[in-house]
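Each of the next two complexes has chain A plus one more chain, namely chain B in the first and chain C in the second.
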Partner chain A sequence: MSSLLSVDDLSVQLAPAAGRSGESGSIVESVSLRIDRGEALGLVGESGCGKSTLLLAVLDLLGPEMLRTSGEVLFDGRNLTLMAEAARRRLLGNDIGVVFQEPTRALNPVFKVGEQVAEVLRCHKGLDKRAAWSRAVELLEEVGIEQPALRARDYPHQLSGGMNQRVVIAMAIACSPALLVVDEPTTALDVTVQEEILALFRRLREERGMALLFVSHDLALVEQEVDRVAVMYAGSLVESAPTPVLFASPRHPYTRGLLDCQPKFAAPLTRLPEIGGVVPASDARPLGCSFHPRCRAAESRCSAELPVLTTDEAERTVACFYPLGGSQ
Partner chain B sequence: MADRLGPRRALRFAFVLLMFLYGTAVFAPLLASDLPLTMVASNERAFFRALRTLPIVVEEAEAKLGEGGDSEASVRAVRLRFDELQRGLEGERHLQVEELRQAFEMLVSDPSASGSVAERTAQLRETLGLEGAGLEDSKLVAVRSYPVFASLTPLDAFWMASFFALLFAPFCLPRRAGPWLLGSTLLITLSVGASSSFGRADLLSGLKADMTSGDVRVESALFVPVPFGFAETHLDEGFLPPSWARTEEQARNDSIDVRAGEPALDSLQRHWLGTDALGRDVLSRLLHGGRLSLAVGLLAALIVCVLGVVLGTAAGMFGGWVDLCFLRLVEIVQSFPAFLLILAGVAFIPSGTLHPAITIAIVIGVVGWTEIARLVRAELLRLRELELATAARALGIPPLRIAFRHLLPLALPPVLVAAAFATSGAVLTESAISFLGFGIGPPVPSWGGLIAVERDASVWWLQLFPGLFVFLTVLAFNLLGEGLRGSLRAGSGGASAMGGAE
Partner chain C sequence: MSLLSVQDLSVRFEVGRRLFGRSRGVVQAVDRVSFEIAEGETLAIVGESGSGKSTLARAALGLTPAQSGQVSYLRATGETESLLELDAARLRALRPELQIVFQDPGASLNPRFRVRELLSEAPRLHLGLDSDELDERVGRVLSRIGLGPEIAHRYPREFSAGQRQRIAIARALILEPRVLVCDEVTSSLDVSVQAGILNLLLDLQEESGLAYLFIAHDLAVVRVLAHRIAVMRAGRLVEVGEAREILEEPKHDYTKELLASSV
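So, the complex of A and B:
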């Protein structure tokens, strides 16, 4: 099966700037990903591990303070990184839809939500004002906003967070993209709304057959939504496996740790296990495996050499010298 | 001051003051003019001039038609003469033009009618009253006319209409009032600035003199509240203090002649604010002078805002070498003392290429855009880091469109405040330029120019009142700016939604 999006050896560094001396570490370090047509991939990791930066780098939306130092991104066989600016713009929004974390921040406070959805259609589909508006109202209805014609005339501050997120989703799917990229789409929402939004994603995927790149720090959330999970730590991928496999038997100690941190309803109430320490900053990564200072299974080799991703079984890769065996 | 008033009251105060100032400017021709609003009168001079030409034309017609029969060429030649005569009379509207036309048509275009050419011309003479004694007063008809309105340009009328529209817009269009208000204010500016009504008012200024001398026989006339033209001189009335500050003997100067429609010498209405060296009414000049001063102020502020917003947005959004060039340009412009640069600019643009008001506005605008541009650049530097900018880029919207359509509206509140201050600054600058004699010259009045006319303290009314109007304008725009700043800050609902960083 040909992959829809494939990211190969992507690295991002802080751009060298005046006043900052010395070599800065990579924020994202040689990450490779693959999403097939219609597949849903979850990208998980702690805050600060480079998930969002990776996402921006994939879409080529990095700010001036960050620099992609290596790697290429292929979308549907076309190289995004070599593409001309205008061609990439046509791709973004048209073939790739993006939903950001905070809906109230992604929307422009001075425009009606209907106008903002229509704006995407006008830019990409060349619809005139009226046609774009009526299509925008249809889209709002499709993402489950009641009385869409009325709500389209509201400004973002008049709508709830969940409604705003639906508007953002409507903007992302306006041009029927083949890939929907969502960055922590439910973090800013409360739990009941969260479930509604996730249901919406499921429905949209079923109806449109979109591929999904779901970025989240919440493993439990990802479990229900995606076919495959990639775990990131300190800028690199540490493990990637089909969802049921990964949850049943994680092989990387970090993944194991993350799973242990999930509260379990069946288990008796005990103190939740935690992973000691924090993610090291990009310029203070330890030598060797960057997880080893926090790893309970670390040996001397871990602090000297960098483990590489190895595919040990079918569709399952892990970067660890001492992967955990079987289910525990 | 706005701190004491509070933003709402400052805004209301500014609005009332501006409405007053712009109202007087827009309606100046209806407030102060040497033309009557309406009059019933006959123009004897024009009538006699017409009558003197008529016999000649008729004789010519007789000769032409008589010799060449009904040849096309001679008919055309006669028709030409008549058209000319008719046009001359139509402007005056005191002669029975319609009658003349009918008689003429009978003469030329009815060759089959009974009688020779001689008979027909005789008939024409009779109709026009050229037979016998010749010129008869009975043919002189007093007609009602509206000289002030006739002297208005279409633009003037348009501004008056839009002023009312602007005044009542907040009540008629409660939801879309903001943009409407802004738009019509700008329109008023442009129009007042562009209207060339100054020349027009002088065109008919002979009328009052004719009325006084009796060349125009007046049956009734209604003058505007201040019946003095802004360029109307009363050489024997120079340096007259305001009527309420006048001594008995100044009020009873027999050598001054009172023209038609003017109040009596000792009445309070005669020169409310005194006269200048040439006996021109200061109040009239003030009212008309506001048109130019205010228009220059707004036009300059408009240019400042457009230049500043466009350049600042481009620099803030694109950074890199665009930003570099922008910053250097700003530094170059700012390194010159602004006022000297403006003076030099005004002096270098050859007079006559543009209306002096527009020249001054352009120069002020071109020199003064830097502050707003830096403001907008700073705003955009902040705004482009917002998630909504990234989101827009992620949706594939072109950067130019993001900058001007998505981000610029968010940067506008501080620009609005700066624009209000820029306007007051421009009004002040224009006054200073005119005061120094580089601006709009006499006889066209502007506030700065009025102050400059006489710098002697003994004629205090020549400095006090124009100065007061400049002060009121600057106060109004500063209050507007303060009020906008206060209310935009208070209305932080938008600000927090803009990114929560506020």
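So, the complex of A and C:
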């Protein structure tokens, strides 16, 4: 039991507020996950399934409108949820690096990108101005920015989206974190740039032995990037398995649906298989399995009882009364 | 004879102009591009951000001034119109037939308008329909996009991103266009929602013979509905051909690179 990150029974609700009464329903509902040292985990599901909220809850960055109602998060044996503010701030940035979707929003428009990377090093590593700047230039080179000494003097608006994302990645890895958390890091980028960024993550993991938590709505995107995939639907985990197992034989109908609607597997000029319907809001989830109204395999039991996660011999957990057969 | 035919279209922008000053340079955003679209056909234009795809589409519809080139449009009546030579009034009269849908429905739908107002504004202005006729048309188009007439009194914020994109498509469809430009219409959507929008576009084309100019950066999306594909880079078309040929036997190195990163 030496997981790098271990999340146990984590739940998040909307904070009680004036004018709102009654049960709001959980945005994230008793989610447990673990990531070993050097391991890459993909967290996948449609928009509105609670992936980003889960991430914020794990990092203890939830805004005032949301409240963690249960669970604990252990990082390297230390309990993040009980940690004092100052200690947690040291941990984030030092031991955990984070990259969000929109690089232009993660960067300050009025500072040179080199200064923004250097600031991380000055805060966390106590480097002086000169040392931090020269280390920042090295980091920009490491993330694949050409002429790093020159580019370090540019402002974010002078760089492309892909270049800015590289700068954000340089900031995230500046202190050699043991875990890199990335939330839809390529969604705002072109496909060719996306491929370059994914290759960069692969290289960094190889060279530095970092663990990776990769959040995305696109199941196919994470296939080459992670060792295990956890699929989230309407606030709960519904399936998780080693990547090859999950792709070879998804057992939850939701996972199957996410795979089938991929255009890259489609026949030309033919309708794509749709899942149909939308993710229910956290206060409007149906009784029983949250997925049953959209599920083609649903039976009467699915609308009455909540399926729990069970684990099989292939290290796969699935929460479904009628999981798809392994031969499919 | 093709429905829309673009010949040697060029667009240039002056950059770095200061107030009262002269510009410091020009960007050739679109460089002598030619293509044709037939009725019921989908031509996809693929390329990276900044390659000039959107500018090309806008210039072809006369929404962005072209530096040179010709655009011929074959009307349902059989007359051919040269779009770039028309005066504003005659171009406006053609607008219902040539419509465009953009990437971000959140930005293109006025948040203060109800769906009925959003959809009926254009046909009221262009076609001069009265209130009953408008209601009838709004109901019909909402059923066609799979949302149902009962949502007409709701606001855009009450819908999911995918439903909003359907409403944006309905706003173009309500004018009964013959050419629909789709500019990255699924790029901001989840993969699962994207499938629904692509299916809708396929169904609409089958029902009404609509021609699409489908702009995207992702070749995987394009394969679902393109008959022909044009690959654009730095303002020029580097390769144009049947979708199957481009996807299976790309000739240009850039096309190969795009394919490698999207599949």
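The definition used in the following text is that the second predicted complex is superposed on the first by the 320 of 328 C-alpha atoms of A that agree within 3 Å, B and C clash if a C-alpha of one lies under 4 Å from a C-alpha of the other, contacts with A are read in each partner's own complex, and residues count from 1 in each chain.
Everything below uses one rule, namely that a residue touches a chain if its C-beta (ideal position, glycine included) is under 8 Å from a C-beta of that chain, and two chains touch if they have at least 3 such contacts.
Note that the structure is predicted; figures quoted are calculated from it, not measured.
Judged by the touch definition given at the top, the superposed model places A:Glu225 against neither chain B nor chain C.
Shared-chain residue A:Asp190: touches chain C; no touch with chain B.
Once the two complexes are laid over each other on the shared chain, residue contacts for A:His217 go to chain C alone; chain B is not touched. Shared-chain residue A:Leu59: touches chain B; no touch with chain C. Using the contact criterion defined above for the overlaid structures, shared-chain residue A:Glu39 touches neither chain B nor chain C, since it reaches no partner. Across the two superposed structures, the residue set of chain A contacted by chain B and also by chain C is empty.
Chain A meets chain C in the complex at residues 46-48, 160-161, 190-195, 217-220, 257-258, 261-264, 266, 268-275, 278.
Touching chain A in their complex are the following residues of chain B: 319, 385-388, 390-398, 401, 405-406, 409-410, 493-494, 497-500.
Residues of chain C that touch chain A in their complex: 48-49, 160-163, 190-196, 198-199, 202-203, 217-221, 223-227, 243-244, 247, 257-258, 260-263. In the complex of the two chains, the chain A residues touching chain B come out as 56, 59, 61, 63-64, 88-94, 97-98, 100-102, 104-111, 119-120, 123-124, 156-157, 168, 171-172.
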